[in-house]
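Below are structures written as structure tokens.
Both of the next two complexes hold chain A, though its partner changes from chain B to chain C.
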Partner chain A sequence: MSHILLVLLASLSTASTLFLVASGITLLFGALRVVNIAHGSFVMYGAYILASAAAAYGGEGWQLWVAILAVPLIVGVLGSGMEISVMRRTYGKEHLSQLLATFAMFYIFADLALILWGGSYKSVPVPQGLGGSVVIADLAFPVYSLFVIGVTIAVAVALAALLRFTQFGWQIRAAVEDPELLAVTGVHVRRLGTIVFGLAAGLAGLAGVLIAPVQTIAPGLDASVLVAGFIVAVVGGLGSISGAAVGALVIGLGETLGALWVPALESVMIYVLMIAMLSIRPSGLLGRS
Partner chain B sequence: MRLKSTLAAVAALCTVVIAGCGGSSAQPAATQGEVLLGVPIGTTGANATIGIEGLKGMQMAVDDINAKGGVNGKALKLAQIDDAGSAATASTNTRSLVTNQKVVALFGSSTSSTAAATEAIAGQYQIPFVIWAGADIGLTTKTFNKFTFQTKPSTYMEPRAVAQYMATQPYKRYYTVGVDISYGHNQVDTFLSSLKADGVTPQVVGQQWPAIGTSDYTSIITAIAAAKPEFVFTALTGSDLLNFLKQAGAYKLFQTAKLGVTTGSDLSLALGTSTPPGTVMWDSAPFFLMDQTAKDFADKFHSKFGTWPMEWPLMGYAAVQIWAQAAAAAKSFDGTQVAKAMVAKPFSTVRGQLSFRACDDQALVPTYLWVTASSADPKYGFPLASTSEVITNDKNMMPCSDAQALQPK
Partner chain C sequence: MNAPVEAVTEPSGAAKSSTLGPILRGLVRHRTLAALVVVSIVCTAYGLNGDATALITLDNALILVLFSVATNLLLGYGGMASFGQACFFGLGAYLVALGWANLHAPFWLMLVAAPAVGALVATAVGAVALRLQQWFFSLVTLAFSQLFYTIVEKAYVITQGDNGVFGPMIPRALTEPITGFEFVLGVTAICLVLLLAVVRSPFGLTLTAIRDNRRRVQTLGINVYRHQVLAFAISGAFCSVAGALFTVPNQAAYPQLFDWNQSGLPVIASVLGGVFLFEGPVLGAFILQYGRDLLIQHTSHWQLAFGLLLLAIVLLAPDGLLGAAYRLIGRSARRFLSSGVWRRAGWR
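Moving on, here comes the complex of A and B:
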């Protein structure tokens, strides 16, 4: 019984950061029809900027908490900047141009990160008060993982509320349905696109901030989170935020159970699940056919 | 519109071509009175630390040797290109170093796959290649050539050394975690078979094979906790190992199972006071367990860089020392002459006396094994050893007949 609980909590922990990465990817595709190969770069920058803040102000104390709150906003601004300077020039053109543009940005961001932070590992301590573990049914579970799960649930609820109950959310949903009609109603579609890009980047930055204390930050982090994020978004249904949540849960559970029951396939479980989903329902779990 | 598109495509093509040429044109060229030592090694990617730290040791060796007049009247200079751990890039870079930079020796690599790529080029152009990281047994057997020299205990030797130690311990229930490449499988398979050969019947309660570059080990840690092993043998390196340790520590895995990890001195330095006590660690060059020469090197390294050295600076320093002594003995930089000198006699290095076997150019080098102390040493900032052992590895090397049977004809 205790092991089942540990498996469920571990799955939720894995699913949490997957959801934060995938939600940004799916939001961009849903609202702007953009597949952003550079999305993983925002995650990496979130982690690196937090590492710099931790090194500058000391790894513990209130300064780290301020950095945790500020870094996603900084990365969001970076995302908006990318939208204004690069992506706007690709709207209306064939998708290959957009894909190549984001692909180029991926490499530019990667090289820039090498110049800014070098090639060696960076590390961020777990924030004060979130270290240690709690005993749940005789098994230890990290307090920090519970924190990550809690933050992710709060973000998911806030995102759902934003999309459902605010004018901004209505505009995004309208942009998904019929962008030309939305423009005719007087909504500044370009500005909406910039804000959506910033929101997606901010979500990625938040993922970077949350994973930084439990993973080493090094070149290559962008690529490793990007693949997993895309798979979750595809499994859930590109364009669907709730799909991203369900997809993250499916992948998180699949990885945890895969490690438990079929360890030889653990490293490929995420791909097996994706192929299985695409074979059964190509539009994803909650995507539109 | 068509002109704009054409111009854009041409600009993009030019950018790609220029980016492709940019790497090699940035490399140093040898001037009169100096020779270049090629270092095709990753300084980015999962094993970046190996390259970054090893290069520091190599540069210190070059500076020390140049201060004493160089080798054969020439000063030494390093020429390094980053391969980011990619074998294909390592192959391209090595060829560039040999054909464009005209290096007289090669040193590396941060992974066994990049070492194999460099080894092939070294053999083709008959340039001595001194391996100080990258320990796959295949490098001295299946892909071996007479210009390759292995200074690290191989994946045949190291797990046998660990098994030799573990056979004296009371553990029965074992769990293994090995990176899903040749290195990981070799290490785990050899460790388990060696335990059996040493009279221990391990009960393997589970095995995991995470892909290289795995960053989230939650699912694997959960599986390990569920299996309740007494000892977890890991064959992970670099950031993969650091990630595993960081995350496993949060699940208090080390309170219920003992952990065995390679590159112990790297981890201790990276984790500092967070290094789990009671962990079985092994390494090729932990300065704090070696003789005074190594400790003096550590003090010099600390004065220069402000940190204590992992094993890689000592490995890199010793590699340059070996080649320099061989080239001096051969009175030549010719690859064939230096390769002959490499197996002719022992060398004095910062790692102690070191010699190569003629049948496979594998150095007879020890594996240092220790159990981490319960608290950090005030001078070094990480736990030293509560107990330690030096496994000489003379009985752990692959028999020459077996090695030669596997080598290319």
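Moving on, here comes the complex of A and C:
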């Protein structure tokens, strides 16, 4: 069995990508009261686009680094496009219409991915400079895991600062409370929705980029990522970014540590945690009941 | 859903004719039952003249009909969009398959056990999933679908994992295409009548009332949670029967019967046909089954076509194709819509 510190590092790295997915879900719900079933599709598209870039340029060159930076932006634009073309027509309708519209998009994205990338497995090499591991006190920590954790912490801090301290942030919070009053004060509320949707999709795209080198990319990734991200959002408490962070830590650690203690439950650990959470406290760890 | 029935009991133009009046009025009033009888007759006529391939397609269409109507008990009548009904469909199919493979249990026993086990498992799943409402309920059901898929795939010793279970798991008589078809049609018809009785019962009406105004029903002293869990259990039982029937034309059970794709089928069928009509999912299921077969001849990307169709219907005609048709054809249907049932539905 590997050292407990290495296990912790691996679970923190899992928690990082889970946080990026869950924070997007929670941001959309918090700011727009939208639950996007196609959110996992954005993660899958991020991974697929990066895989295409890697296939075209190989893992060695600087081009992969450009792709890593560009892909979240591309996915963000894709998300904004979906908001403008589909979601805008569902605001003000019942939540079921909205849910079914995103469910239809989930189907459409899944089949488009099949057309664009086929059904075979894709993989992405670890970018140049991030391979190998650092040896600290006789333990070899993989550099890539440290990179993923570092990027996520930076993004989380930036996101928290964006929501708390900037004009954009208070506009989002105001849009939740009273969109009409906000519109009266001269804020373009519709554009705000488009930007938030793009931001959430961009976070999902970033998650896709970060998991690409450590996971096989194949059809079905969208559903599994969506479910995992959603479970994190539920466990942490819906609509709260810090809840998403706590939920990601709980799920990330719970999954790996639980699998260490009870190996038979490895693949279903995350669902066990979800069921336990919903039975004890449906509003989540940091959610308001 | 009692609104349209109430609306058409008012005197209509047809009532003036002395002999035709009561018959026409009866037909309009019981149009759901009439539609089901017509569908059964057409199916029988088509089925008895069709070859084995046509019969198997028809079997699968009928199974999808039952699966969709059972799902729509939650979706349309209860306002609960479950994306995890494949849990119970797969359960029914695996009960028959594993009963045959591991226990040598007779098919009939497993067919009777299917609704009981389905209801039991659905009660457990529903009790957890219904702790959340609206959007989040839907996502939890999706998570359960993933959970069941994972369990079945990993429990190789019992379920043979990814390979699935194939073999002569049904009685020899049912392997005869005509007999199998008659059996599937019979069971489906019985189940649909039972489901119709459920939605027309006081329980069904309460369920619809919860969909329309949850808080008001709660204020009346009705236990909303318990009603919804019960609805989930009933739906699960019938989905499980549909899954057990799946083994008749296909003689197989595999993990994909549990996945989100399978869960999505009855939702798409219901929305296509119309979630506010009992017979809506019936039409939707036929369109989905035959439309998919037609599309597969030309392209392997039928999901894209149905995704776009689903999107168009959700955005443009939320009451589905049949709902839109009734709206255009019948005055009484028009009155039903103008009474604002759709808007009032609200699912709040």
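Methods note: the second predicted complex is superposed on the first by the 281 of 289 C-alpha atoms of A that agree within 3 Å, B and C clash if a C-alpha of one lies under 4 Å from a C-alpha of the other, contacts with A are read in each partner's own complex, and residues count from 1 in each chain.
One rule holds for everything that comes next: contacts are C-beta pairs under 8 Å (C-beta built on N, C-alpha and C of every residue); 3 or more make two chains touch, one makes a residue touch a chain.
Every value quoted in this text rests on a predicted model; they were computed, and no experiment measured them.
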Original post:
Superposed on chain A, are chain B and chain C clashing or fitting side by side?
Top reply: clash
Subject >> Contacts of A:Ser267 with chain B and chain C, given as first, second, both or neither >> reply: both
**OP:** Could you tell me if A:Pro219 is touching chain B, chain C, both of them or neither one (first, second, both, neither)?
**Re:** first
Original post:
Touch check for A:Leu114: first (chain B), second (chain C), both, or neither?
Top reply: both
**OP:** Look at A:Val86 in the shared chain and tell me whether it touches chain B only, chain C only, both, or neither; answer first, second, both or neither.
**Re:** second
Original post:
In the superposed arrangement, what residues of chain A touch both chain B and chain C?
Top reply: 114, 224, 267
**OP:** Spell out the residues on chain C that touch chain A in their complex, using ranges where they run on.
**Re:** 75, 79, 81, 83, 128-129, 131-132, 134-136, 138-140, 142-144, 146-147, 150-151, 154, 259-260, 264, 267, 271, 301, 303-304, 306-308, 310-311, 314-315, 318, 345-348
Subject >> chain A to chain C touching residues, read off their complex >> reply: 29, 35, 37, 86, 89-90, 93-97, 99-101, 103-108, 110-112, 114-115, 223-224, 226-227, 230-231, 234, 238, 267-268, 271, 274-275, 278-279, 282
Original post:
In their complex, what parts of chain A are in touch with chain B?
Top reply: 3, 6-7, 10-11, 13-14, 17, 114, 119-121, 123, 126, 133, 139-142, 144-145, 211, 214-216, 218-221, 224-225, 255-256, 258-260, 263-264, 266-267
Original post:
What does chain B use to touch chain A in their complex?
Top reply: 43-46, 48-49, 51-52, 82, 84, 180, 206-211, 213-216, 218-223, 225-226, 239, 242-243, 246-247, 250-252, 255, 270
